[in-house]
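Letters A, B, C, D, E and F mark the chains in the order given here, with residues in each chain numbered from 1 onward.
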Amino acid sequence: MSTERPLLFALQGSEHYAVRIAQRLGCQLAVHEERDYEDGEHKCRPLESVNGREVVVFHSLYGDGRQSANDKLCRLLFFCAALKDAGARHVQVVTPYLCYGRKDRRTQPQDPTITRYLAAMIEACGVDRLIALEVHNPAAFNNAFRIPAWNVQCTELFAQHFARLVGDDEVVSVSPDSGGAKRAEQFRQALELQLGRSVGSALMEKHRDQATLTGTLLAGKVQGKTAIIFDDLISTGETLKHAGLACQKAGAVRLFAAATHGLFTAGSRLFDRPLFAHIAISDSVPPLRLPAECVTQHLHILDSTTLVAALLAENGAFDRA
Amino acid sequence: MSTERPLLFALQGSEHYAVRIAQRLGCQLAVHEERDYEDGEHKCRPLESVNGREVVVFHSLYGDGRQSANDKLCRLLFFCAALKDAGARHVQVVTPYLCYGRKDRRTQPQDPTITRYLAAMIEACGVDRLIALEVHNPAAFNNAFRIPAWNVQCTELFAQHFARLVGDDEVVSVSPDSGGAKRAEQFRQALELQLGRSVGSALMEKHRDQATLTGTLLAGKVQGKTAIIFDDLISTGETLKHAGLACQKAGAVRLFAAATHGLFTAGSRLFDRPLFAHIAISDSVPPLRLPAECVTQHLHILDSTTLVAALLAENGAFDRA
Amino acid sequence: MSTERPLLFALQGSEHYAVRIAQRLGCQLAVHEERDYEDGEHKCRPLESVNGREVVVFHSLYGDGRQSANDKLCRLLFFCAALKDAGARHVQVVTPYLCYGRKDRRTQPQDPTITRYLAAMIEACGVDRLIALEVHNPAAFNNAFRIPAWNVQCTELFAQHFARLVGDDEVVSVSPDSGGAKRAEQFRQALELQLGRSVGSALMEKHRDQATLTGTLLAGKVQGKTAIIFDDLISTGETLKHAGLACQKAGAVRLFAAATHGLFTAGSRLFDRPLFAHIAISDSVPPLRLPAECVTQHLHILDSTTLVAALLAENGAFDRA
Amino acid sequence: MSTERPLLFALQGSEHYAVRIAQRLGCQLAVHEERDYEDGEHKCRPLESVNGREVVVFHSLYGDGRQSANDKLCRLLFFCAALKDAGARHVQVVTPYLCYGRKDRRTQPQDPTITRYLAAMIEACGVDRLIALEVHNPAAFNNAFRIPAWNVQCTELFAQHFARLVGDDEVVSVSPDSGGAKRAEQFRQALELQLGRSVGSALMEKHRDQATLTGTLLAGKVQGKTAIIFDDLISTGETLKHAGLACQKAGAVRLFAAATHGLFTAGSRLFDRPLFAHIAISDSVPPLRLPAECVTQHLHILDSTTLVAALLAENGAFDRA
Amino acid sequence: MSTERPLLFALQGSEHYAVRIAQRLGCQLAVHEERDYEDGEHKCRPLESVNGREVVVFHSLYGDGRQSANDKLCRLLFFCAALKDAGARHVQVVTPYLCYGRKDRRTQPQDPTITRYLAAMIEACGVDRLIALEVHNPAAFNNAFRIPAWNVQCTELFAQHFARLVGDDEVVSVSPDSGGAKRAEQFRQALELQLGRSVGSALMEKHRDQATLTGTLLAGKVQGKTAIIFDDLISTGETLKHAGLACQKAGAVRLFAAATHGLFTAGSRLFDRPLFAHIAISDSVPPLRLPAECVTQHLHILDSTTLVAALLAENGAFDRA
Amino acid sequence: MSTERPLLFALQGSEHYAVRIAQRLGCQLAVHEERDYEDGEHKCRPLESVNGREVVVFHSLYGDGRQSANDKLCRLLFFCAALKDAGARHVQVVTPYLCYGRKDRRTQPQDPTITRYLAAMIEACGVDRLIALEVHNPAAFNNAFRIPAWNVQCTELFAQHFARLVGDDEVVSVSPDSGGAKRAEQFRQALELQLGRSVGSALMEKHRDQATLTGTLLAGKVQGKTAIIFDDLISTGETLKHAGLACQKAGAVRLFAAATHGLFTAGSRLFDRPLFAHIAISDSVPPLRLPAECVTQHLHILDSTTLVAALLAENGAFDRA
């Protein structure tokens, strides 16, 4: 058993994220080979000996133009299994964005619970520990995995960011739906701590009449305040837009939005008529579906690698000579 | 492999529930022995041969004066393992009340996720399938178990009950906190279906100022309406009471409450100054901490055994000769 | 436990194959839902109740323009796990084409052995049995799976096909490399049986000089004979082309080729200068990368569904009322 | 992976035992939280970071007035699982008294074998090693666990104790039933070694006539000797009493008794008419059902923590800086 | 899934035993191939299709001149795994003699507990249930296996046999050591039931002085009685001989011995000076190390196949058409 | 957890091999006990404490006059399980000869795949890693094991040996059948590297006519060359003999043979009419079936322990103080 420092690997597309973590931990990414075959299959293998070593593998599991989320998932799984075969002592996976987080419970009869299947497959490939950034449903995630699986929440990161911006404004933390209420409340508390003064809370909820969506319920005071809508991810951006409009209508004087994962699956549509002073996201998913000017004008991308690096270093594994 | 009908066993304290299911399925409870030892340990064994048989075991896992929830859990686990040892082909467990449903996620560092540990232990004892009534957090439950584990929701049951009561009142379904919003919305939809007309929705949320609870947020209209507060369980009853008072203050003309599991851990305190026309609960937990007059005056206990019997019969196992 | 006949499901893209099997077994495909999300994720669920049922799922795991092999694999895995969750008693998978068959052993240090990882993932998702058509390396396949996993060889199918074609020609079965020698020998024996007379054998092997490929070794007599090159799959077609040219050069008077899986990853390149009277493939992979005229002029597509249907029916599961 | 010394946790009720072990190992108990809920459920979590650490958890699994054996078992299991979730590298459990030791084999049809179910549950919760004091049936225990599970026998401890007491008496080691014969023989040998002279052996066995217990068989010479009845545990004390009376009747001049676990489930009944000069027990179970004067007059409580501490230190884990 | 009757296979050397069971169950043994290779390895495979079938495999795991116990064990394991691979739905193993029953607990530091390793290996090869005849240590056996594993005790068989022989004699059941006391007591009770009158009990125990074996302790009355020494197995026969001599010396007027498994590893040495009117054994191990005259003069071999056949038929599996 | 160097154990018959490895690693073999019982069973246990230690166990699994391959396999399995029970942290097995390598795939219906069963049993006994020398079918081996399992190829060893012998001869590497083509090609490349010049390749294949073996196909030029027939093992030697004769007939001027494992199950028959200048084998199996003069005249035994020692030392485990 080696007492050397862990080896860090980043699969294709996740190098930029991983290299910043490596720098924070004072090391370099280890080298591996990813080979694509003409039939769409692939082969990954480490080029440095992993026998007896602790290993960390980085891969953010969003689909992009070249690889689907499934493609990235399979690469990650096969690579981790290969590391174990090659004698790696402990394989830790970091997924800045963990896919299938919203397929987390049965809502219709015979529905899949993909979060759990993912966990079973990850375990079947010999992964010893998983670190994910801001998962969609922490309760689902906490129960799905039987290996240690840790959810790194980005609340602090966003609280620090907005504390610097809001000046003396009255601020309210807004959850865009009831499912995110706990998350928005945690953000509210973190922001209170940063600001040293009271922050309000508000909650949106869809309003239905005999199964038709008829409007949006807004609980809490936003009138005359700076409203920060807080969510885990932005997909098409519709949820955010509705929440923004409701806050605007209710008299909010300034609007911000924050979400760890910026997927922007509808492209720049959210920015056609800008509602928000800006939207803060993390670096878990690069804004690949947005034009450059959208990114520079409307987004603030916060660096989440400090959080992950701190967690990786927590048990002293990187203190070795 | 036997083609006989499944055998049904009920552990001590759950016979009343199970016997009604047996009747609906046209059979009798099978006989077993439960022996207590002077050191507090016990031994359960089936007295009918289970070799090659499908078996269903009933046990509601609430603590009472004689046995804690842990005591009941251990009895259930050891009995199921004994059934498997004795050759039972398929062991299905029905827990009208599944314990530890609220220890479902990490809220503080290094918190346990007991729902999942429960699942692992149940699986380790050879249980093949679990049926639970109205679990606290369906997402946690769906992910915790790797055997088929089914959550029987009681929404229909309560919707039918209240549809008969509300006459032409304007009705609103109220969730006492954001965590229960999806559940109250399902109830609202079921009630709309029963009534054939629109039912409103409202949502409570605790309001905090710099970490102190300062009040309750109520979103949605209750003024002049019959408000039905809908939750999964009643523990001390404090949540229900706060929600009831808030609805009263907001002008609700009549108040009901409904919850599948009536634990009433604070005894009759909730009924000192009755807020609700009545509270509807299911028969998953007998109202053992309440005086008889409380039960007769304030509670309506709905029979959930139709739901469970229907699910058990679904695959035709009870159609055999 | 149901005594009904098994339910048959086919995932998107594999319906044509499955429906023919269903017809042979005298039943219809069961209905399911496949829903795609804007972020590239998906959800599949059965629309018929699978509680207590035996289920067969069909999916051919080749990548096409819409879904990569990984996409199909993940769909298959998640769907099987959902079937198990929903109470299916036995889930059997049929993969006419099983992906990653050529990533079957370590050839370089720290290489993955993906066949085995696939097996572990398939098992982790609750699959009870796997049937694959003509796997690349039967020894790898036989060892990778710990559930029953059966390789359906198409030797008979091709032997019957060619027996009808070769008339009184002297015939030789040619393996295009040493790895396929056992497969070509099985074909030779099957053809002998069909023809009732002797069939020759020949074997190609790459010839190297100090690591450079310098030519092709051909062992066995092909002069004046009808040569049938027999392999498991056609990828780019280069291997087949070299073998065909070598046979031509060695005096073969007529050339055929046969392979169970026609991937044709290099498109129609193999047919630019047609070497073969025709190429026989099975219906495991539709010739989606070939223009229609290639298919009609150069290919004979043999129906493999009789073989699979026979195997599924072997244990009497489809004889039930 | 940490190279720090293991963390030691003791669950409620086992602190006294654990703290003495910690002292012997030169460290302090780590801090954790145990929170009880109004419905009888609980939550335990470590308050010191266990990420990457080796951990030892102490809990003696006897029922007392506040918690049943099942309650203690569940606390232990859930706490260990939480440690693993929180990243503990190796979790070792020490149970001075392991419950359900006497439910170790089938004696009636379809009997449970709870020792084994316990093992399966302990393993399901991620425990890596178990140390138990003087288990009831070593063969059952050795076979039940698939993790390393070690039985610390207290023979030496009792041999040293009695060697100091017996002076020049002729001594005989008496097993109160045939099941304990091996244990009493080990004690006899240990005592011989301590005394440097011969020690006799005797064996009691129940005598039945057509299924009615009619008396006690005593094999071996006790006449004129100091008899030490040696057993693993004292439950009601009836077995010990019968053995004592038989020895008295057979002419033993002085009587002692020794048992590792003093449960005394019948309270002080055994001491109504004191038979024994004294009874030596270990500190695995505090004499909570006995009045203080019983303890001071009739019991000698031997300290077993030296044995456990030595075993924990054996592999050098506590030698680290 | 087949509803046909189970298939019965017997590995080489166990055909005689199995064929009698098959006759009792009204069926024939299924056919298989056992092939030996020149390097001492072998290959077994079923020659009848086992797809979807329940299967019972018989093998008695004693070593003989041609195959060691390990050889038989490996054949059994590999054959069972092959049955599962070939699609057998349920594989049940019957071992009239289960090897390594006496390596059941740690008696020296770092001792193996082979009973448990055997269980783990049997489970790893896919065996679903095990039936063994009269295992050495039921507690060890009950705990070792996590699949249903049943110990068929032969007490009844021997009680019936001796009830016919003893006439009006006073009879005593003698255990040759303390480890067998429970077994001899069960025999005593069964014999009482058969005879309808009282049967005495006696117990031998080795007597040691400072670690040297100095004699044998005999508890209980044998004077003037017919003594039946009852044990699970006869290895060299030394234990039996010492017990017999002790009974003789203590005045027994007639001596019998009974043991389920007659290994006679020291050949006919036990019969050099015949002590016993006869020795009754079962047919679990053929008396292959004894000359024919020993068998005819000194042994009575009881047929245990009724017991096993009854157990196999218990769940109705052989009642099918 | 210990940071001491690994302990090395060698089971009976494998000491000579292991001791040479120990010397290369600068340590001594650890001591254990192997005890044989009169019934053919055995017991092995370590005599040095393994608690917390890394352990390597050596055993070459060929059958010899005293123990069959199954006997050795069972000893190895039980010993490894005992090491784990006794607290060993990591158990690594080295099998210079791994048995059942040729039972690696289904060639007839319902055939066993013993390689995989072996893997499952080895894993069930707690082995953490396996190192085997030159396995028969690397693809089967790579897929069979789910623990890290490494195949040490001896190609280099033989290339070095023959490079010293062949002088300026033209050399050709000959595979005796198509299954060994990859292995012979690897040897050819290694020899080219050693010699710095071109080495030819040739391939034998059995030739059949309507299922009767009618001759041998030889592809490649051997005329006038030194031919080295390269295989993984020599069983009866028939394959080698046929290949040698074919090369001789085809004009080879000098013949050598090389195979890692020399079983020589037909004794010295291969040497009755010596074909080969000599045969090079490794030390994985001692030539126990050959008379001494055969060994000295016809065999060169190469030392493979350097290869294994290098692999064991790779992760630095033997660099500790």
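In this text, a residue touches a chain if its C-beta (ideal position, glycine included) is under 8 Å from a C-beta of that chain, and two chains touch if they have at least 3 such contacts.
Note that this is a predicted model, so its numbers are computed, not measured.
Participant: Along touching chains only, what is the step distance from subunit B to subunit F?
Facilitator: Contact-graph shortest path, subunit B to subunit F, evaluates to 2.
Participant: What shortest step count links subunit A and subunit D in the network of chain contacts?
Facilitator: So the least number of steps between the two chains is 1.
Participant: Tell me, please, which chain's centre (mean of its C-alpha atoms) is farthest from the centre of subunit E?
Facilitator: A
Participant: Sort the other chains by how far their Cα centres are from that of subunit F and give me the top one.
Facilitator: Measuring from the centre of subunit F, the most distant chain centre belongs to B.
Participant: Just curious, how far off is subunit E from subunit A if you go by their C-alpha centres, in Å?
Facilitator: The separation of the two C-alpha centroids amounts to 62 Å.
Participant: Taking the mean of the C-alpha atoms as each chain's centre, how many Å separate subunit A from subunit B?
Facilitator: Here the centre of subunit B sits 34 Å away from the centre of subunit A.
Participant: Provide the C-alpha centroid distance between subunit A and subunit F, rounded to the nearest whole angstrom.
Facilitator: Taking the average C-alpha coordinate of subunit A and of subunit F, the gap between them is 50 Å.
Participant: At which residue positions does subunit C touch at least two other chains?
Facilitator: As it turns out, subunit C has residues touching two or more other chains at 3, 49, 85-86, 113, 116, 120.
Participant: Tell me, which pairs of chains are in touch?
Facilitator: All chain pairs meeting the touch criterion are A-B, A-C, A-D, A-F, B-C, B-D, B-E, C-E, C-F, D-E, D-F, E-F.
Participant: Residues of subunit A touching subunit B in their complex?
Facilitator: 104-106, 113, 115-116, 119-120, 137-144, 146, 151, 175, 178-179, 181-182, 185, 188-189, 192, 197-198, 201, 203, 205, 207-211, 217-220
Participant: Quick check on the complex: what are the subunit E residues that touch subunit C?
Facilitator: 1-4, 49, 51-53, 84-87
Participant: Quick check on the complex: what are the subunit C residues that touch subunit E?
Facilitator: The contact residues of subunit C facing subunit E are 3, 54, 90, 129, 148, 150, 314-317.
Participant: Could you list, by residue number, the parts of subunit F that touch subunit E in their complex?
Facilitator: For this pair, the touching residues of subunit F are 38-41, 43-47, 49-50, 62-63, 67-71, 73-75, 77-79, 81-83, 85-86, 99-100, 102-103, 106, 108-114, 116-117, 120-121, 123-125, 235-236, 263, 265-266.
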